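You will see subunit A twice below: alongside subunit B first, and alongside subunit C after that.
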Partner chain A sequence: MAELVDSASHMAQPQGRPGVNLGRWIAAAGRRHSLPILLLLLLGFVAPLLTIIGFSFMPPRTFSLWQWPSLENYRVIIEETFYTSFLWSLGMAVVTVAILIAICYPVAYGLAKTFGRWSNLVTLLMVLPLFVSENVRLYGWVLFFIKGGVLLGTIKSLFGIELDSILFKPGTIIFGMVYVYLPFMLFPMTLGVSMVPRDLVDAAKDLGASRLQIFREVELPLAMPGIVIGSLLTFVLAVGAIAEAKVLGGQSVIPVTHDIEIAFTYAQNWPLGAGISVMLILIVGALVLAVLRRFDLDRILGRR
Partner chain B sequence: MTIEGGKRRSDLLIAAWTVAVVLFIYMPAFCGLLASLTSSRYFNFPITKWGLAWWGKTFASLEVRSLLSTSITIALIVTAISVVLAFFAALAFARYDWRGRSIYQKIVLLPIFFPQSVLGLALLLWFNALGIETSWKTAVFAHLVWVVPVATLVISIQVYSFDPALEEAAFDLGASRWQVLKEVTLPVLWPGIFSGALFSFLLSWGNFPLSLYTDGADTTVPEYMYAKMVAGYTPGVPVLGTVSTVGAAILLLGGYAFILLVRRKRAASESAA
Partner chain C sequence: MTMRYSRRQMLKTAGAGALALTAGSALGRQAWAARESELNILCWEGYNSAQVLDPFRQSKSATVKAESLTNDPTMINRLRAGETNVWDLINVNNPWARKIMYPEKLIKPLDRAHFEPYFAKMLPEFKPPYRWAMSDDGKELLGMCQRFGPYSFVVNTDKVSRATAEDQGWDLWNDASNAGKYGVLESDDWNVFNICLISGFDPFRPHTDDEVTKFTDTAKRVFKGAKVVGDIATMNQALISGEINFHMTGGTYSASPARADGNANIRGVTPKKGPMPGGKGGVSWIEVTSTVNNPQLSPLATQFLEYVQDPKVAHTVAFAEGTFNPVAQMANPDCFKLFTKEELDAIQWDSLEEEMAASIEYDIVPDYDKLLDIMTAAKREASGG
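Moving on, here comes the complex of A and B:
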């Protein structure tokens, strides 16, 4: 932020004639072109965040921002059992990320290295579900798993066995999150795997490395930025997920997003909901910033 | 010989795994389609009474029509605004070297790496603090906060492959900034801008958590379906789900075919010239 302010102060410098001082023009153009989106994010992202932080310091059950600040909400959050929903949310997100890494790596490898001209089609097939509301897709799984649904109905008509539905269990929530967030892991990972130069793999092979050694010592480290970005993205989305627990989990587990929603709607306690939100933002935000700091985005997104 | 054989086998395994993943991805859409084709009130598999009755009922419903028009209106406005904002944002992201750019890049990414339901609530409190009543218009603003960064990223990927020497050459030949933008930058970036627009429309169309908190009394299609899933099931839900899946597929495949066509045409005219 300091650098941003610092660079903004250079804006007023007199500009050279275009063509003569292209470098300076480019620097000014960069700043100028970034202004609209920065304004949008200031009004639509920074200001709402400040508002929710402000509300978290208001006394319980108030709807105005102009009261004497108090730490009451944070006391309630720490003393009551909200930590269980935090742990459920974080734990389910970690498991989701781990499963997604295992599922997506072979596909990412295929997309980047072995599918050739088919990889466009496969990419398209994988992108498409992103554009259908996740509710709809989760509901499809309800129809699949429900008693008398596609899975149990088929088993019953084929084998005559009646099984219990596996809906409304924590495992089903994780299943739903793995399903919904799969593309968010796959695409960054593909980007990462495609950054592994083929020559390097060939060289390792010529030097007598086994397939496992090549994977562990050449491919994995070089693909790491993509894998980490994908993991980060899916982790954040999974922590913030709300529909999976409701549609597939049937309230068998209460994730932290549900606590937040309850505080805002049924309990009509905005400051408490704001407090829980701020705790969630702090956990997620610290993680995102810590990870993003380590990466050179220009390199990952294509400019070397 | 053995290495070649082993390689082919692992390639096949990867391909088989990918086919399995694709089938997994489309399973719920398939179940939804099945559920929409039954004429009984509750879904039971295997289906005994097939029929299209619920398709007719769903489209005759005035409520559904107003939902569709609200969702489409929001998505169209979001697309128009976000393409313009994201175009400039992407140039600042990937084209120009300027001090502060690496911080700027991270600021732009933050809303994408942020729990959307929390963002929706924060926006609701912010609108409330400003005394703005929420409606589909505030939902447009909320969608923009999330869609513009994504569109910026999509367009940026195209900008990264853009050769800055093209712009510089045009300047040296005496073109004005406006001419450079109109005749060099825009045409080269056109496929990226088009993909950005497609993403914007579809992401706004499918968004649930932001709409839920920020559109007040107006309702979008994803919200309606969610409400009906949690309470008061009707086979209209799978119908709308199928429509929304097929609609997205047509838009995406059509858009992709269009980009390919433009590329091929350009390649042909370049080789002719």
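Moving on, here comes the complex of A and C:
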């Protein structure tokens, strides 16, 4: 197979007339076989992205891409109070990721090292909620938290204490995000923790390292690839979350995704919605790239 | 078992496949051209339910697809985005057909002689030529009416009596002691109307700078004091559980699922007074279903419009899944007798006439874009507060 790929790459060397070369270049086995996925990515990912970028430069509240470009949408986004939505979305995503790291690490450690035959059951329990729609699960939590609901109603009937409602607050939104995105942190993290060789831990112990030292200097650095991938995954998902703020938060917090939705629907302002989307993609993209620059992706993915 | 597949066999199979694909696409084009047995409906919820669509599908042996959305502007957007060649019928609220979709050539007029007699059998306020079903010049019939209702706000009458709510009207939101006791339905176009009404002026005319300033202050205060902003299910849940005592926007449409579930204390209220013409403070909606300006409009579109006028189907539409609403066809005794006492209670039949009389019909707000942006900013600024 390696030879085939090599011969294909030799064929790709530009020689002779351009038309013939292009034909040969496309005809190379690897490229020919990757054409379907390339076309799918072009149509399904690049084209909508380009359309969104294009729309973000169109005059506000217009529906056609064929007009003089304008920076008006970006001016509005920068001058108006959209920064609060960006900050809420990014802030809640960071808090969610931090809480998930703290919650998931012990579970991941247990799954990888100590649960033994119970690991499968725990994994199943973590995966099962994914088979139920996110909205249904969130409405379930509303019934749990609502005044007179499962939690507050039970406390009132058992102890006669009437507590203030805990729904429709920023804390409840973060609870919902932690709950929904937990599997997306847990499983990459479990993979990361399972990559820590027991021999190394034993060696560190034999050499007199304390439990904390082993954790800090052996386990954590070696499990880091899984932690970073889990964190990036949950961060990107959490920044794009909207249902938690709507259902559990009662819109007490307006995330940036909600601003995008309003722009595309009630406001009929596609260019503004597109502009906010582009800004969000840029901010999240820059943050993700900044994190990845600090980590060697090849090492994280185990290629080196 | 290993199958040996020669190059010749493969070419034959590929050739046959290509032929089948070509034939298939030719047939597809033909079917598209005819479109006699398919119908696509873009609508508010209810018309997309199996109870309404299945009998029509069976009687016509047709493929009927219906997509439901929860606000008018988004549906209009779909047509503007070029989906006029996808949809055959569009079901939105009253002002859009006459003021937006027909002038923008997104819908086609109906055969007036054929469809106007149906209006004569509807409740008296729909007497033909019914204003919202007609073009601005009064010449063309643009759609058919069915569901309607008053839509201002909803109270839990155990917390705020109907009489207090009707008398106090929109000032409920101006009373500082009510902060934290109310919700706001995520129906942003209607919330623009209501914030105008709370501010004390008519939403459906251009506004002065002073009024815009007042609107801004009111919007900030209303969202700061809101306990929850959410959908109909959230509002009803919050009202029943006691999280909130009242919410805007709402009415028969939003309160009916809770009422049908036995919560008669959840009630849509129409204020007795307000800043609109005639001193009215209530707003109502009337759905108008129109044929889309589809170059290949399905002949089933007009047949469906007739089908839903049938008394039995009209009753099914009134009580289709989701929300429950009065229908204009209730003037027909054959239709009315199908409604049980519980169903009439759910749709507040007892006060429907007086509430509609105290309301003006929903219209386009001339400076909606500006006011919506202000309101959205106010909602954002109340974030986390």
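The rule we apply is simple: the second predicted complex is superposed on the first by the 252 of 304 C-alpha atoms of A that agree within 3 Å, B and C clash if a C-alpha of one lies under 4 Å from a C-alpha of the other, contacts with A are read in each partner's own complex, and residues count from 1 in each chain.
In this section, a residue touches a chain if its C-beta (ideal position, glycine included) is under 8 Å from a C-beta of that chain, and two chains touch if they have at least 3 such contacts.
Bear in mind the structure is a predicted one, so any value in this text is a computation, not a measurement.
> Between subunit B and subunit C, whom does A:Gly149 touch in the aligned arrangement: first, second, both, or neither?
both
> In this superposed model, does subunit C or subunit B come into contact with more residues of subunit A?
B
> May I ask you to decide whether A:Lys246 touches subunit B, subunit C, both, or neither, giving the answer as first, second, both or neither?
In the superposed model, A:Lys246 contacts both subunit B and subunit C.
> Scan A:Ile78 for contacts with subunit B and subunit C and give back first, second, both or neither.
Neither partner.
> Can A:Leu163 be said to touch subunit B (first), subunit C (second), both, or neither?
neither
> Check whether A:Ala203 is in contact with subunit B, with subunit C, with both or with neither, and answer first, second, both or neither.
Neither partner.
> Return first, second, both or neither, reflecting whether A:Trp88 touches subunit B, subunit C, both chains, or no partner chain.
The second partner, subunit C, only.
> Of the two partner chains, subunit B (first) and subunit C (second), which one does A:Tyr139 touch, if any: first, second, both, or neither?
Both: A:Tyr139 reaches subunit B and subunit C.
> Once the shared chain is lined up, is A:Leu282 touching subunit B (first), subunit C (second), both, or neither of them?
Touch partners of A:Leu282: none, neither subunit B nor subunit C.
> Please identify the positions on subunit A that touch both subunit B and subunit C, taking each partner from its own complex.
In the superposed arrangement, which is not itself an observed complex, subunit A uses residues 63, 139, 142-143, 146, 148-149, 246-247, 264, 270 for both subunit B and subunit C.
> Could you pull out which subunit B residues touch subunit A in their complex?
Residues of subunit B touching subunit A: 3, 6, 10-11, 13-15, 17-18, 21-22, 24-32, 34-35, 43-46, 84-86, 88-89, 91-119, 121-123, 125-126, 128-129, 141-142, 144-145, 148-149, 152-153, 156-157, 160-161, 168, 171-172, 177, 202-203, 205-209, 221-222, 225-226, 229-230, 237-238, 240-241, 244-245, 248-249, 251-253, 256.
> Under the definition above, what is the set of subunit A residues touching subunit B in their complex?
Residues 1, 3-4, 6-8, 10, 18-19, 22, 26-34, 36-38, 40-41, 44-45, 47-49, 51-52, 55, 63, 65, 103, 106-107, 109-110, 114-115, 122, 124-144, 146, 148-150, 152-154, 157, 179, 182, 205, 211, 232-233, 236-237, 239-240, 242-243, 246-247, 257, 260-261, 264, 270, 273-274, 277, 280-281, 284, 288-289, 292, 297-298, 301-303.
> Considering only the defined contacts, which subunit A positions touch subunit C in the complex?
61, 63, 80-82, 84-85, 88, 139, 142-143, 146-149, 165, 167-168, 170, 246-247, 250-254, 259, 262, 264-270
> For subunit C, which residues are in contact with subunit A within the complex?
These residues of subunit C touch subunit A: 71, 73-74, 76-77, 80-81, 183, 186, 188-189, 227-231, 233-234, 237-238, 241-243, 369, 372-373, 376-377, 379-381, 383-385.
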